[in-house]
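Notes follow the structure.
The chains carry the letters A, B, C and D, assigned in the order they are written, with residues numbered from 1 in each.
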Amino acid sequence: MSTTVIKNGTIVTADLTYKADVLIEGGVITAIGPNLMGETSLDATGCYVMPGGIDPHTHLEMPFMGTYSTDDFESGTRAALAGGTTMVIDFALPSPGQSLLEAITMWDNKSTRANCDYSFHMAITWWGEQVFNEMETVVKDKGITTFKHFMAYKGALMVDDDEMYASFSRVGELGGIAMVHAENGDVVAQLQQKLLAAGNNGPEAHAYSRPAEVEGEATNRAIMIADMTGTPLYVVHTSCEQSHEAIRRARQKGMRVWGEPLIQHLTLDESEYAHPDWDHAARRVMSPPFRNKLHQDSLWAGLSAGSLQVVATDHCAFTTEQKRYGVGDFTKIPNGTGGLEDRMPMLWTYGVGTGRLTMNEFVAVTSTNIAKILNCYPKKGAVLVGADADLVVWDPEKSKTISAGTQQSAIDYNVFEGKHVKGLPRFTLTRGHVAIHDGEVRTEEGHGKFVARKPVTPTNTALSTWKELTSPRKVERSGIPASGV
Amino acid sequence: MSTTVIKNGTIVTADLTYKADVLIEGGVITAIGPNLMGETSLDATGCYVMPGGIDPHTHLEMPFMGTYSTDDFESGTRAALAGGTTMVIDFALPSPGQSLLEAITMWDNKSTRANCDYSFHMAITWWGEQVFNEMETVVKDKGITTFKHFMAYKGALMVDDDEMYASFSRVGELGGIAMVHAENGDVVAQLQQKLLAAGNNGPEAHAYSRPAEVEGEATNRAIMIADMTGTPLYVVHTSCEQSHEAIRRARQKGMRVWGEPLIQHLTLDESEYAHPDWDHAARRVMSPPFRNKLHQDSLWAGLSAGSLQVVATDHCAFTTEQKRYGVGDFTKIPNGTGGLEDRMPMLWTYGVGTGRLTMNEFVAVTSTNIAKILNCYPKKGAVLVGADADLVVWDPEKSKTISAGTQQSAIDYNVFEGKHVKGLPRFTLTRGHVAIHDGEVRTEEGHGKFVARKPVTPTNTALSTWKELTSPRKVERSGIPASGV
Amino acid sequence: MSTTVIKNGTIVTADLTYKADVLIEGGVITAIGPNLMGETSLDATGCYVMPGGIDPHTHLEMPFMGTYSTDDFESGTRAALAGGTTMVIDFALPSPGQSLLEAITMWDNKSTRANCDYSFHMAITWWGEQVFNEMETVVKDKGITTFKHFMAYKGALMVDDDEMYASFSRVGELGGIAMVHAENGDVVAQLQQKLLAAGNNGPEAHAYSRPAEVEGEATNRAIMIADMTGTPLYVVHTSCEQSHEAIRRARQKGMRVWGEPLIQHLTLDESEYAHPDWDHAARRVMSPPFRNKLHQDSLWAGLSAGSLQVVATDHCAFTTEQKRYGVGDFTKIPNGTGGLEDRMPMLWTYGVGTGRLTMNEFVAVTSTNIAKILNCYPKKGAVLVGADADLVVWDPEKSKTISAGTQQSAIDYNVFEGKHVKGLPRFTLTRGHVAIHDGEVRTEEGHGKFVARKPVTPTNTALSTWKELTSPRKVERSGIPASGV
Amino acid sequence: MSTTVIKNGTIVTADLTYKADVLIEGGVITAIGPNLMGETSLDATGCYVMPGGIDPHTHLEMPFMGTYSTDDFESGTRAALAGGTTMVIDFALPSPGQSLLEAITMWDNKSTRANCDYSFHMAITWWGEQVFNEMETVVKDKGITTFKHFMAYKGALMVDDDEMYASFSRVGELGGIAMVHAENGDVVAQLQQKLLAAGNNGPEAHAYSRPAEVEGEATNRAIMIADMTGTPLYVVHTSCEQSHEAIRRARQKGMRVWGEPLIQHLTLDESEYAHPDWDHAARRVMSPPFRNKLHQDSLWAGLSAGSLQVVATDHCAFTTEQKRYGVGDFTKIPNGTGGLEDRMPMLWTYGVGTGRLTMNEFVAVTSTNIAKILNCYPKKGAVLVGADADLVVWDPEKSKTISAGTQQSAIDYNVFEGKHVKGLPRFTLTRGHVAIHDGEVRTEEGHGKFVARKPVTPTNTALSTWKELTSPRKVERSGIPASGV
């Protein structure tokens, strides 16, 4: 097997910063230390060698009205690699009524073209005995341990509290992790109707229909249900102080809850929807919508305080053409924006560059924490001997202005258009393969493999122990009912 | 008309403490000042003359499985007067599908026997065009402006988020106030099944099935829906820190939300359910259940801080016989406890007696705040010329040990049995009639009248103004969709 | 005695809104009701008849470097009346080492010219046996029960924690209320030196030297000391979320703490200091400085939630000439701005006009709450028979643009210059004397009298009871030390 | 060099749990993997191989009134090793006026007998130019980067706000970390006098004199000063919700603050002081004192939520004889308790055993987080090739009842006496030396070496960057003062 060595770099992990070379063989890190040699050498002088980014939340080639979201597993993972991300976790989405296993097959088929490794979350979009039973197979045979629930998208993907309780219970039993898209779907639907009735049909009304309070409420509710069922909870796309507040309030009671801000919510704000150009605004339509600066400050502080743990993209971009499906009715604008290519440079620039995050925290929230929570560490998310050589050689002096014109993503625009970023990959390696080589794209379609994950994390174990210890105890009584007293 | 004068007392209102006599004529206060004379004289030496208590939350003669809760409007209001309470507000409860107006008629019939004045809240137990339409009549013709929604009691009274949104919107439009019984009914039902399945069938399991988190969640959700619809919200029986936290968090955003602790939750705790006597425990079954000391501290602090505003009883007691309907299955124990007779002495003893509350705060939370929020001030809740002579002459030195054996209430037990209270009525007057005369009960069946209340309080007006000012604004665009950007 | 009647108005109090005429005789309200008649009649058609405003925090003719702050008791109270305020509470400020009683004499002398009633707070600017002893005289003989402590102004008025503890203890013992100007004076002094050393000598550096965190810290510290000594605490000029947070956190533990936002902090923000004109910025120099919109939102919500109780001005304006004393060194700019004339119209416009406050809350925070907390209710702050006829007849349709050119205040500028207000006095009455008559100023120099206040409010009593109940209990031991264990 | 191998164990780090052997040579880990061989073999079957504990807070052989605290560096580190702790960080305490360098020499002399490695924090007990200057030497030449400040112990070690500001600024400049013992010393002294005056002279009065509010206040103040100076802050012995609340509130604003609960505060409560035996109570006298269950819950939740980061002991035990110095005057009872030997088993039993913490979190808070924050990671706190072989082989099935009779510590009692712990070291290794061998103590006096630490951690860098970015900006003005405006 041929060997590659990354020379003269500074390794930056979630824990540490130190100078060392990295030797790679067979897609795996085989040595870390000074003066290593290999057949191929990558010069990391002046660079940081970090675990490649993991995006825990993408929707590549997602079905929409008979078409698909723009980036598929090929272009999406190519864009990811260009930005220093070496793994994505996508959502297998059964239609209501559809078998979970069938959905996995569909996603397996799409993902064959991936340029980097990937894993799946399973969405629970309906409830029934079949779902209950298949969940066990999904966890035990399919390596998928994380189950997403939509509290919004009424009439489509939404599940109600009863279904959440039942599904969370099942997830907990199987040692998995419950996930939620947290917005109150009933209220969103009501607000949508009210806005449309008032003639508010533009993309800005999308934001009006999904206020922070509506997200905060759903987050709070999901947390309570997770607590009642004794299941760890992962809240996707935490966009606002309200939701963050619910999460940290829960954590301060010892509950096991994680929050995932998106790079979009950290760096873009609601003023985008006031843009006079309809396309501009519509391209930024996603759920939850962008918020104001206050919410951004909350999210940034959460990342450094540890009350929020990871940064994702919810990458699910639709073309301008697809977006225009909602002209005249904002509820028909397909929801989703991109970010897979820009997450790492944007977070570095606005996080590490400003001092909001240390470099180590950057690695933690873009990669290591994700791998730990989702249980694929240290295969992923680590610079350790034995770990997959999913690495990014990060040049802190390299800069560019983000533009759709020069991106790998297949989307015809970029929500970060015009943002100047400083800090970019010199090389990105996926299991040892140099997919990005100093600006040159050398991705290999189909190189990516599925990463199976195991249930029953230490968090599951600890939580179960605590719940057992504090479970209700029956009062012993003699003579029921009794007289007296 | 004959006149009565209360002599030599110290008037204590929500605002003030001062010495003055009170002259009463035709059931109304006609003079307050020194040296007043009347045909009948009541000696208030050493006593405080206060507005009679108002209990904003009772269920007298409430239907249950073909029988009724123990205290009817006669015994219930007699018990109330004995404890210094001169007005009760009961709930007209339509069965699902039943006309609101019919329900009012039913309650009108029952209340003819009342010994003191009363008013009604209307419960919204189902939703439909008829309900929507009748609500207007209820507010405009029937003098009922407050609408209660059950978020628990699944399969019976419970309404879902969609119905709450619709009903709250309607309430706001009519200038009324939304009320909620806040517990997540889906989750309660799930926990009940789980507990029963595990053999937890005793009354303590009732408490286990309704944790504070479940109440806090529902409170938080109701607040969000009220905020979205622009409607003031009144949360009944706030029993825990979680619910209180949600309320004060909302208030700190300028939202208009009130919380109502019960005297039971302020002074009794969950250890009651661990009592070895089944009857003892079952008699304390109510929803929400009693909590621990922590929650009690939170409620008391809320009353002095102003984040909680009123104290009620949710008086709805069932006989031991009725309670025993749930032997072997706690979910069948009828929910409810008494308190109407004891609320004032218990709150005085544990509140004023300990320094947790000033005397003026005592009046505020037992009477004046209630009258203001529910819009019958200053007819009720005031010691002012022109106000109804609903008064209590409070003797701070009078004491007793609470016991079922000596109470007016028709219930065959008392949840406060054995509590020593100091501070009791010397006289209680209902519109001038001396119903309690130094230990002697002189109530007059049917003396009580319905108190109609008007909508569109100052709070409604302020909230509507703010919501209008901050409502979504359409972005004006020329050329949609546009090219570029 | 001649009589005056206010006809056809709507009375608005902290509790109520109702139509009635008001009859005044001998400076006192003698009747409230329909169809009253008096010798002089004031037409209140379309107007609200409210208790005159009380400003709990002014510094009229305050000594500064051998001169005085611009408005003295004559012009200051004239300005007050023009804006609907009928009572001011000023601070008697002994120099360090000076007798408290001497200071009162000085203030007595200045206040003889007052056009409306007034009272004093006493400042504790140093500590010693003499101060300890005189405090009793101040409370018992001088009618001053509120004692202010400066935690800032190091080297001048500042007292340290030890002195605060001693003084608060004494205040509590005497049944008084402790007050604090809460900013950490050590840290302010350090920041001032650092800023000056860095060449930051303009008025904006004043704001930089007094961050919200520094105010929040001091507020938190004062609350702890008040709690340890069992003394009610009144925090003057609460300007920021940090300070407000400390107050409401304390209140949620049952502590007795009040917060006083200023109208300036509610409506003006820090951007004023970035004004290119030095005079503009310097005229806005006060402590604490203006904050940003976030803090404003916090203060407004506090007023409606009840976690903040009153609105003041800290009126203490210096001429532009005096302000220029600090050219080249911001620490020499005299601290203080005006507001006495504008507090009521500004709060009405931005509070009632937007729906943030009800009319009744407006009366509460500008008058009634102040009178209650500071113990001069219902002589002041009430529309009740027997209360002083300190009244404002408020015309909600009257509007103007605030301008120094047209004001009563003697200051040569106005920090609210250019603000449009809607809601202004038609008449202002001070003890029955019509001082403002439909735009015409008819004040009477020397008309104002000192209002003595009594100690031992209900809050003092409740707090002492609670503190006694929860005070440390000695553990009884036999044999000390013991062997074993 | 001889080699040692730990065979058949499961490695547990802050990140990971996996089966592997560990090879040790020259006191350093040289290999981790399957099937390793060495000259000496330690059987870890059924055990967890973890980084040895680090106690970040001890006072060995601390001077007290001419004597010393009981455990010196020999017995103290022997006790540490017996309990699985392989490094202690002690405090060099200059007397007021004494040179910092002299203090280091004194501590260097004492520590020559240590059985395991150690480091020092420097206490700043006075302020002056000499201290300012020596701090640089301490950081750059002595390897001490953490500076402790006492906000209590008035008249002895206490520094005031001005000194803290100056010292924190200096610490920040040097890239160090400020530490505080956070209690308001002025208020403690006042409460002590008040209690003694009231005849409260027993050990329980120690607790009464140091309420949680007093600690919370000081923590809040230290945080503000750290924020103003841009210096990371480490709060020692965080014992209560109030202090924890201040820490997490700060962290939620992005401030860099850490909190250190002690094992005593996590597991023992205030009821200990009510013990009828004076000795029992006096032996538990430490500052802050033990708190109630509420505070314990807060601390546990903080550890799992990440708002508190490390667990220490403040080991500083005095003999019963020394404790009795305070008979008749609790203020003379020397402050301090032990815990070095019991921290790890107690935390495992009450943390991991209950499910409050995962095993990985256990390692993080007892070792890895400490090494990271205090900048000696991964030399310490890691199971990594190249790291010091400071390891504990933890047997989760081994149990004992804690008793002074069987402990290594020289103290004549144990505050955990009678507690049953499950989870104990089978072996403890200090730089490869097996100091504890299956119950047998094989420590080597003088084996321990000083661990120098470097300044300018990533946290320092990030914080400085942020503070520079957000520092005050001068407003440019032309013409000062200006006319107009």
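Everything below uses one rule, namely that a contact is a pair of C-beta atoms (placed from the backbone, for glycine too) under 8 Å apart; a residue touches a chain by one contact, two chains touch by 3 or more.
The structure displayed is predicted, hence computed values, not measured ones.
Colleague: Over the chains that touch one another, what is the least number of steps taking chain B to chain D?
Modeller: 2
Colleague: Pick same or different for copies chain C and chain D, depending on whether their interface residues overlap by over half.
Modeller: Same; most numbers are used by both chain C and chain D.
Colleague: How big is the gap, in whole Å, between where the Cα atoms of chain C centre and where those of chain D centre?
Modeller: Centre-to-centre distance between chain C and chain D: 46 Å.
Colleague: Taking each chain's centre as the mean position of its Cα atoms, how many Å separate chain A from chain D?
Modeller: One centre to the other, that is 36 Å.
Colleague: So which stretches of chain A touch two or more other chains?
Modeller: none
Colleague: According to the definition already given, which pairs of chains are in contact?
Modeller: Inter-chain contacts occur between A-B, A-D, B-C, C-D.
Colleague: Considering only the defined contacts, which chain C positions touch chain D in the complex?
Modeller: Residues 160-162, 165-166, 184, 186-187, 189-191, 195, 198-200, 202, 204-205, 208, 211, 213-214, 216-217, 220-221, 224-225, 227-228, 245, 249, 273-282, 320, 324, 327, 472, 474-485.
Colleague: Using the touch rule from the top, collect the residues of chain B that touch chain C in their complex.
Modeller: It is residues 15-17, 248, 251-254, 256, 297-298, 300-302, 304-307, 352-361, 372, 377-378, 385, 458-459, 461-469 of chain B that touch chain C.
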